[in-house]
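Letters A, B, C and D mark the chains as written, and numbering starts fresh at 1 in each.
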Amino acid sequence: MSADVTQTPLRVGMVGSGYMAKTHTLGYANAALIYGADLPAVERVRISDLTPELAQAGAERWGWREAAGDWREITGAADVDVVDIVTPNHAHSEPAIDALRNGKHVLCEKPLAISPDEALAMARAAHEAGVVHMVGFYYRLWPAIALARNIIERGEVGEIRHFRGRFFQDYANRELPHSWRFDQAVAGAGALGDIGSHIIDIARYLVGDIDRVLATGRTLIDERLDADGNPAVVSVDDIYSMMVDFSGGASGTIEASWAATGHKCDLGFELIGDVGTLRFTWERSNQLEVYSEADDADERGFRTVLIGGVHPRAGDFWFAPAQGLGYGDAFTMGMGELLEAIRDGRPAQPNFTDGLRAAEVVDAALRSADAERWVEVQHRDPEIGDGDD
Amino acid sequence: MSADVTQTPLRVGMVGSGYMAKTHTLGYANAALIYGADLPAVERVRISDLTPELAQAGAERWGWREAAGDWREITGAADVDVVDIVTPNHAHSEPAIDALRNGKHVLCEKPLAISPDEALAMARAAHEAGVVHMVGFYYRLWPAIALARNIIERGEVGEIRHFRGRFFQDYANRELPHSWRFDQAVAGAGALGDIGSHIIDIARYLVGDIDRVLATGRTLIDERLDADGNPAVVSVDDIYSMMVDFSGGASGTIEASWAATGHKCDLGFELIGDVGTLRFTWERSNQLEVYSEADDADERGFRTVLIGGVHPRAGDFWFAPAQGLGYGDAFTMGMGELLEAIRDGRPAQPNFTDGLRAAEVVDAALRSADAERWVEVQHRDPEIGDGDD
Amino acid sequence: MSADVTQTPLRVGMVGSGYMAKTHTLGYANAALIYGADLPAVERVRISDLTPELAQAGAERWGWREAAGDWREITGAADVDVVDIVTPNHAHSEPAIDALRNGKHVLCEKPLAISPDEALAMARAAHEAGVVHMVGFYYRLWPAIALARNIIERGEVGEIRHFRGRFFQDYANRELPHSWRFDQAVAGAGALGDIGSHIIDIARYLVGDIDRVLATGRTLIDERLDADGNPAVVSVDDIYSMMVDFSGGASGTIEASWAATGHKCDLGFELIGDVGTLRFTWERSNQLEVYSEADDADERGFRTVLIGGVHPRAGDFWFAPAQGLGYGDAFTMGMGELLEAIRDGRPAQPNFTDGLRAAEVVDAALRSADAERWVEVQHRDPEIGDGDD
Amino acid sequence: MSADVTQTPLRVGMVGSGYMAKTHTLGYANAALIYGADLPAVERVRISDLTPELAQAGAERWGWREAAGDWREITGAADVDVVDIVTPNHAHSEPAIDALRNGKHVLCEKPLAISPDEALAMARAAHEAGVVHMVGFYYRLWPAIALARNIIERGEVGEIRHFRGRFFQDYANRELPHSWRFDQAVAGAGALGDIGSHIIDIARYLVGDIDRVLATGRTLIDERLDADGNPAVVSVDDIYSMMVDFSGGASGTIEASWAATGHKCDLGFELIGDVGTLRFTWERSNQLEVYSEADDADERGFRTVLIGGVHPRAGDFWFAPAQGLGYGDAFTMGMGELLEAIRDGRPAQPNFTDGLRAAEVVDAALRSADAERWVEVQHRDPEIGDGDD
């Protein structure tokens, strides 16, 4: 580890001052209160955006000491230990690689990059830098999902047979205006890359690597109005379905859409083993459903386990079970993981390799949809040995 | 219509005296009480099985007047108006075609046949006979599913975007002994054909014909013990996943498994339109979930509609809503539909063309899984004009 | 037992030919098919109503051999073994007592009577007759509820602390016309007696006798239109709430209303023990929710147990779990219980003593609501030793 | 208003440094980030506890500038504008009244006091001081509950007929050691006062004042081990049930227990109107169930409305609906309400009068349980005109 890992405050710089700057800033503020002196304190040193004015507004709004109109003032700054990148998807790799080359720890929002090549470059840079690197798939840190993994590791579902994952929302159902998310050149992919990458990461976290995919996608709304009220072409998918084979032998289906009417934040899965099955949806994020054949024959059924202090990471928060954790708390856990990894000089999870792997699956899905056949996922080697979950 | 359709009692003969003889007999008995004089009375004339002894036991158990060791004593009998076929899958076509050629109305259990060619021959015989023919996909008669169709036809879900169907059970999870269901030569297909055909029929009923499929299947349990305790090879699938394109433009995924741990009778679907979405599972068969963007913005959510007298066919049953209809009542509705169609000289639903269409989709799925690519569903023409739903 | 209990067919006479004649007739017809030769066959000998014409219409509609304009042609008939009473509440006791004095087995719809005195007279007559007597609280035979009792008896909920029962429907919400149900002189009580008696019986079945109650009730809709469109006064309660103490030490609350908007058939309870809790509602009648502290600390949660063949009485019905039992099947179970009790010369459950006990609780609730204080339930002794379950 | 209400930072002093200091500190920190410059900034000036050492530990842990071993260094300090009281129940009134007399704005945790007399003294002091006062019933600020109130105010449930409220948890099921919460002298009441007061406040918020109650309570676990492992007597209730009459004419039942096995944080209610019904439980705190007779007859059912930006106060938080708010966010809303009320010089909700009203209902319940009869709630007049919502 090249960066400093003592309990002296970590100096963070943030690249981007939009919506995700809010959630990350909350994450740092809350991590300090939730974890206290167990973790390094954080100084919010500097925040950047495309112009000094935008950056200044962000600094004031989110409570950062300084503003910068150029991200190089962060990635190359001597007074920054950690670079946190919350820009649009296509603007991740350049600052990330620069920060890594400067020996900074780097947290980068998901998806890591808009192509697997770009993601590979980032993962290699991270590997070479030997710092802590992390990608924003915080959901795998979430108590209910971490509990799912614990139950799997205890052998309670037996051999995993089938995984059915989805991320369905409907915020882009019809009215949502055009933006960079609907432009393939900037976003890489549509629902598949933007929200689908989350469920791909969860699939990998719970089941293992994906070897091959058979995918199909559609654009449901061809045109959206831009900020000026003019029609703009949508060049990405609104819905994606794929069948997948996992390296461990399980099969699966994964679907993603941001135009799935009625679904609000349905990041969900069902994981079917030969002696147990698990179910989850983010729409009821404080519970996990668990079915076990170890239960008595006449009392078998899905248990609705409400998350509380006995579950992973939840014990840091509230007194009574089921008081409820929210979306904001996922960032407290995420920033906590980052800070703890830096403190301990250990890899963070999920890291850039995980980000690369998700990008590879997205890429394979895009190629499969074009080819209309099964496509092998090409696993690139970032030559890192510091862990892939 | 060549068979007699007056209100004089209809004389029914049943081919097969096993488990499904029970449900059909219950259906006839209950139809008489539920629908009363509105429908023709039924005389349970004769039941057959492989031997006279088996048939006699069935006649006594289920209350049929006579027993026959040969189904030809039913399909060719002058005192039989309706032939009801409840034999294993591979033994449907011969008695069905014989009965049709003899001018009998025919009800045949699902799947109609073990190959699309066989199903085509049956559908053509039905067309030529000009009688009432029906296949045992009773679920489309079910109140919650018929309500779904009504809501779709009213335009309340808008344009259908995506259909996610499944039939997951776990009764063949591990312990279930070998039987004809696990032998491809007799059963045609495994979970795909046996239970998957139900969800294929529901998909067609709600969305329309399926044009092409991309499927993959697996045998999860390679060997099962036969009745003598010896290992016997399983030659059919335990789980099937497919992506489908509907003729109307919607996409879809359909999955079937009888080894899906924790799922007991999860015949379910989600149908996503651009302004509304519907959800159903047989595990809570007396409810339909309905989401509509016509609701006020801050009160939108899936409504759990509990089935009662205002819903299709449920009004024939109980006084208060949500008192609950059961699996047996599906057969009352099924036999009621058969008797009503005969009375009115109109096609029954679902009929042999529907059975053929499901067989075609199963066939396309099997071919797709072999070819590992999209396969067009080959629609055969039974040259009938009496309706396809 | 004075009546004949051989496997020769039992000759049943029915007093009343209205809606409940339908459900009971279905029960007898289905019991014959579901249980087969295990139980006595049933001959539907004669049905009565207030006039010969009404009775004749009932006989034809429900398939009874003869009609009678006077119930004495049933209760006193030499060719009747079992008398089944499905008249309005105030017309139960006279034919029941007459039938009992004539040595008939008697099944009487619930509530047994419109006052505890009347119920006591009936229970005493039943005791003296030494025949099989049964009251129509079929819900305690229902698989999910019988499973609840099994779980309690195994000690899995531990000591019962609290029972929260309810029967909420909304069919009398506003529009329902006036009828005998809204007239205290005929009905005895309103929602409390009519539907509340069901949840009182379930409470007694699962927890034990109720020693004292503290109740309050209200008429929400003072006036309803009668059949001629004239306003008629409602003299019974639309909603009742009570707190109860059980003899075993548990506390409880019981509520009933037929004007509880949104509740369709919410006969439900929660039973809280010191190490486990059970939940049920008839609106999802094929499931029981089970919470147990015996589960691992991080996997505790309510299990949704879907009813199937491993559960009480359900194994007589369908092949696969969760195929679903309906309201009609409750009558198959009820008639099955009656026929089995007659066959075996054992008490049926629930019997007239259970009917009496429910009437006593209703009476205590009415007195408590008047007095606005706790009232002891007066347990009358029918001097019978044949079981109060 | 005597205290300063400009946008200059508000200087807060906190009395108590235990668990609730954590949630309140998080609330202040997050309010600053969520609401930004819309609300006054907060300086965490000073925190007190029983000893200087405890206070110092709290100050370090939760990030307060100074520590004090005596709360008078806060309530009487010239550099404090707002006093926030998070001590055990019996230690609320003295510092609160002192702070009020010193012209501070006061936030006090719930229940306001351990007797209605004490609560009255506090409410009167608040009235006389003319400052902003608030009691910690934050749940009424919660989006799903505020949405419920909006729906009621729009007339969509019609006339409220019945309210069924509960707060059931099981953290004190058996193993929990003795503490001040189990000692009547310190806590005032048990589950009734501690957690029951929350549902009483929600009942008042949604339905209106409670006029009379009929209550019964029980101690389920008579003895608990103290910190030294010695048995200590429990002098408070573990479970309370009451029937209530609201001033507006509705009836209701309210129950509270901290030993309700299986319930984790089941603060829930059902509110039944003549044309609509609402349901909520904190265990799924991001949803409200809404039933409306205005829906089409065959599409009526409880809608599960998932909370998002269109709902009260939720729009300040995340981008997409159903991302989820947690228990911590309730404090952000609470502190936000406090700061906004101070900024605008308006009463906060819920305020000390609300705290008094809850105490009066608790008191009436305790008296009713003793008397075993209905007891009128004695409404004391704090002579304040600044709103009881």
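Here is the rule we go by: a residue touches a chain if its C-beta (ideal position, glycine included) is under 8 Å from a C-beta of that chain, and two chains touch if they have at least 3 such contacts.
As the structure is a prediction and not an experimental result, all values here were calculated from the model.
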item: Those chains which touch chain C and also touch chain A; value: B, D
item: Interface with more contacting C-beta pairs, comparing A-B to B-D; value: A-B
item: Interchain centroid distance [CA atoms averaged], chain B/chain C, Å; value: 35
item: Cα-centroid distance, chain A relative to chain B, in whole angstrom; value: 43
item: Euclidean distance of C-alpha centroids - chain B vs chain D, Å; value: 55
item: Residues of chain A touching at least two other chains; value: 300, 302, 306
item: List of chain D residues in touch with chain A within their complex; value: 19, 22-23, 25-26, 29-30, 32-34, 36-37, 60-63, 169, 171, 264-266, 282-286, 306, 308, 317-329
item: Chain D-facing residues of chain B, complex; value: 147, 150-151, 287, 289-290, 292, 295, 297-306, 310-311
item: Residue numbers on chain C that touch chain D, as the complex places them; value: 157, 161-162, 164, 173-174, 214, 216, 218, 220, 239, 241, 243, 251, 253, 255, 257, 259-263, 272-277, 291, 293, 300, 302, 372-374
